[in-house]
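Both of the next two complexes hold subunit A, though its partner changes from subunit B to subunit C.
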Partner chain A sequence: MNIRYWLHLYFVLIRSSIRSGMQYKMNFLLGMLLAAGIQIAEFLMIAIVLNKFGAVKGWSLYEVGYLFAVMTLSKALYRSFANDVHHLENYLTSGDLDQLLTRPVPVLLALMSQNFRMMPGELLQGGFILTWALHGMMQAGQITWIAVPFTFLVIFTGAVILFAIGLTTATAGFWLTRINELQTLTEDASQTAVRYPLVLYPVWLRSILLVVIPVGFVNYVPSLFILRGELGAWVLLGIVLVAAVCLFASMKLWTFGMSRYQSTGS
Partner chain B sequence: MLYFSLASKAYARNLQYRGAHMLHNVASALFGYLYACIWIGIGQDRPLGEYGVHGMIGYIAFTQASLWISGFTTNGLGIPQSVRTGQISLDLMRPVHLFVHLMCREWGQIAYQFVYKSVPIYLLYVLVFSLSLPQQVTTLLLALAGLAAAAYLSICMNYIIGATALWTTESSWLYWMNHALINLLAGFFIPVEWLPRWLQTVSWLSPYPYLLYVPTRIYLGFEDASRLLGSLVWCVLMTLACLGVTAVVRRKVEVQGG
Partner chain C sequence: MGIMTEAVVRTELERSADKDRPQPMIEARGLHKQFKTPVVKEGSFAGIRTLFTREYRVKEAVKDISFTINQGDFIGYIGPNGAGKSTTIKMLTGILHPSSGEVRIAGVDPHRHRRRVVSRLGVVFGQRSQLWWDLPVKDSYEILAHMYKVGDKERDLRLGQLSELLGLGEFWTTPVRKLSLGQRMRADIAASMLHDPDVLFMDEPTIGLDVTAKRSIRDFLKTLNTEFGKTILLTTHDMDDIEQLCERVMVINHGQLSYDGTIDELREKIGLPTTIRVTFAGAWSIPLPPGEILRLPLEVRLPTGEAFRVVETGPDYVRVEANRQQIRAVDILREMSAWGEAADIHTEEPAFEDVIHKVY
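== the complex of A and B ==
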């Protein structure tokens, strides 16, 4: 049983998950349309402010659009492929995790393939804003085409970092059982925060977003190099390293957490 | 009396989770803090209209705290859940009107959120940002009246959202859409007068500004009592809509689950 076997299995499980979601056609279509609407409304909020007031602390509308788009795409990637890692609380409180434990696949893999969500709304919206931002900055001569492959790399590493943060938060559920409140802090609030340049925040908050919850490495730190030529090319290598370390640590923690799992519910 | 018991039970149920809710308050307060930081950043090089930087912080503090009154109402007032379990058929059989029953329950929920979420979060902002409280009691009373109307409007909107679950069995997407519209059109982060003109028109044609913008403006002393007339009109319209929806729901109900 090598990695190819597990990948194949993962995709088979995902395919069946998509098909089960599509059984509720009306709900499926409505969900897709409204997700796109929600995304547009969210970006309009930022775009209107920047359009009215111009740059924020030296960051232009294009640059903030870039931060927003990279975060949206990384998050869409993470949540598409590991949706129920974010919803582990439901499994813990209802006792449904026991069911997954009986399957002949690793629990994490089983969890990741449950309720797979394609996120076309987020992908379209993120892709559109990213194209617009990159195009605008290229026209102005701020960046060259090399920024495009760099951005793809950063979206991928960003998804890995977000997954690691999500998994670590979920692991806390093995001790706390209820993790929704914690998720609001480690996932929702922190992801919202880094849609804007970190320079807006006081040093203590900036440090938290870089060290405690390393969400600043998803978009802000790489954009310093990709968009502004600050720091140096080593940043990209550093980000890959950060993502790898986060992933490794979160997986270790998850394995440890699993060994402490006690069933609840009825 | 029945109506009061429905509300007080919902209030009492929430009391069990006070500890977890206090932790959640920290996260909620942090959101408002982030938004305030953004306005501080924007306001560094330019004036922020009639509000000024400090006024804008006060604005955000009030809308963030009020979100627990008019924003975070129970998804569809719990109707989607009862559609999936089949409970909805029993609810419709009760000798109490479905809308009144669910509304009373939600009032208890909102009363709890006001005491244990809105008030502590706002007091925290008062300390952190050294905000000043209104000088006149009437301002405070009018703002509270505006918030009460906002809570009622939000209950009505969620009732209608919940009722769609009879057709789709799910309404969480509509709930989140409604939430996104609150963020954009209710003046949660951007005061309505700063929206582009077309969006302002859309906003004022909807009940959204009465959820956050109007109570906040009254509280900050920018508006007088006449604005509450709009809230009242929308409350009447939404009540009629909810009664109409109930009539349709009665004919539509299908029992699911078992």
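== the complex of A and C ==
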């Protein structure tokens, strides 16, 4: 299929989704302000905790800030461009998925373009902490400028991994219908957990966050190399590979799940 | 998609374009659909036990349905609530995968080539809109034109036609959520026509509409079928829709096709009686064998052996019932004219609603 055409269509759909959202200006603005407020509050929480304890298990304040910022930015990227993948449950319970299926468009593309929202709060907060952390570490001579392009790559691959996890969780909805609790586990809780270095956790939990729900590859594993020079440059290639495998597997699973779709009563 | 399947699909498209003889447009062969739902337990900890149960209740929504619909047909697909109508439609449009059996739309399988098939389908669900709820009506058409790869020129031309036929102008810039039900349905039908599909699936397009709105929708569907040769499959609970539009009806009940044929044949098969009421100018009397009194209902047998029934009498009228497939109305009237001087005759065909009620 023609990638350029799908991309074009995706942006047409995103544009109309933004215009739909703008119909309710008050809601739009309030949503943006609240999101920014929550983000700032979360950041303050972490800043206070870290200021008090200085470093956690050998990870400096800057390094933890870096982990936090990369996760925030990856997540913002994923949720901006694939918002309703996270909300598939609504489509399953209301039967709205039927509508998407009557269009000559891949269901996933249609789903991704619904209810697009930019996340300026998250982007600002993440961008700010990232700049602060990178700057601090450069001043200390811990990293060089090469870390900047690496970080962009990692944010992107991280978004892909988070998307794959989100899509796999959503796919479970074809069997379970209700998936919001599962999402709390695979998306919210695990993403929050890896805002801190994985060394903090017992081995079993660490393994889960790397193998079962591979969120550890979003920020922790790449930062071992980018910030601390551990492992080796092959890590970056490895991350790209992990992202690609996750994406491929989740798409396969999604296609299979779609064939199990039962719709709702008339 | 491989080159092989492309080629197969193309020849099939070409074949369906051959207009000389009726081409099968929608084919269903041995369609089955089963839904599995976990058995809900009763008693204490019911919820948790349900969660871990491996028992399933299998509901057969559709059992072995087969039919062929030719290009240009206007088919009514009817059945009581929960009979399996929507499930069938969803399988035909590629939304649901059948548990077993096959569907072909113009020779193409909607489950293996969903996007290719739906680009030739127009689907209207009366119960919910396909349009962008918060945007002006015209914006929805623009988005749909992008989705279905309809060029600007073609789009404007077709919207012009549709607007004329359906009167879209009056709410062109109104957000969809502010439309009346009648307007919304017109807008929805226009949306399903924008890409000039060959087949239209109309799921209760007249539901909840007033008489005028219903009529304008019916007129439009009729035009689409007769003048543009669209194949239309209509489901509805409004028997007037069926009677006025469809040549052929398919009745589904308990997941199975219980009837497939013309409306007239259906009437015949059910054999509900026609009522004839004759008003007499003066006194009337029915010749009875000596010693008998008039007891209703009374069977009157003609010399030829055919019979009809007298069901009601008044001072100046007699009402009889007969099955038109067994006796001609003329013969009944000839017999009745011997009973007195007929002043007025009124015949009533069985209401289609009653016929359908009988089938269900």
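The rule is short, and it goes like this: the second predicted complex is superposed on the first by the 263 of 266 C-alpha atoms of A that agree within 3 Å, B and C clash if a C-alpha of one lies under 4 Å from a C-alpha of the other, contacts with A are read in each partner's own complex, and residues count from 1 in each chain.
Following the convention adopted for this analysis, a residue touches a chain if its C-beta (ideal position, glycine included) is under 8 Å from a C-beta of that chain, and two chains touch if they have at least 3 such contacts.
Predicted model, so just to flag it, every value in this text is computed and none were measured.
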| item | value |
| --- | --- |
| Subunit A residues touched by each partner, larger count belonging to subunit B or subunit C | B |
| Subunit B versus subunit C as contact partner of A:T144, first or second or both or neither | neither |
| Partner chain(s) touched by A:G31 [first = subunit B, second = subunit C, both, neither] | first |
| Which superposed partner A:R19 touches (first subunit B, second subunit C, both, neither) | second |
| Which of subunit B and subunit C A:E42 touches, first, second, both or neither | first |
| Partner chain in contact with A:Q262 - subunit B first, subunit C second, else both or neither | second |
| First (subunit B), second (subunit C), both or neither touched by A:N2 | neither |
| Subunit B versus subunit C as contact partner of A:Y201, first or second or both or neither | first |
| Touching both subunit B and subunit C, residues of subunit A | 24 |
| Touching residues on subunit B, where the partner in the complex is subunit A | 20, 23-24, 26-28, 30-31, 33-34, 37-38, 40-42, 44, 46, 167-170, 173-174, 176-177, 179-181, 183-184, 189-190, 194-196, 199 |
| Residue ranges of subunit C in contact with subunit A within the complex | 35, 81-82, 85-87, 90, 93-97, 111, 114-116, 118-119, 121, 123, 125, 127-128, 130, 132-135, 139, 143, 146-149, 175 |
| For the subunit A and subunit C complex, residues of the former touching the latter | 5, 8-9, 12-13, 16, 19-21, 23-24, 95-96, 98-99, 101-106, 259-263, 265-266 |
| Contacting residues of subunit A [partner subunit B, same complex] | 24, 26-27, 30-31, 34-35, 37-38, 41-42, 44-45, 48-49, 52-53, 56-57, 178, 180-182, 184-185, 188-189, 192-193, 196, 199-202, 205 |
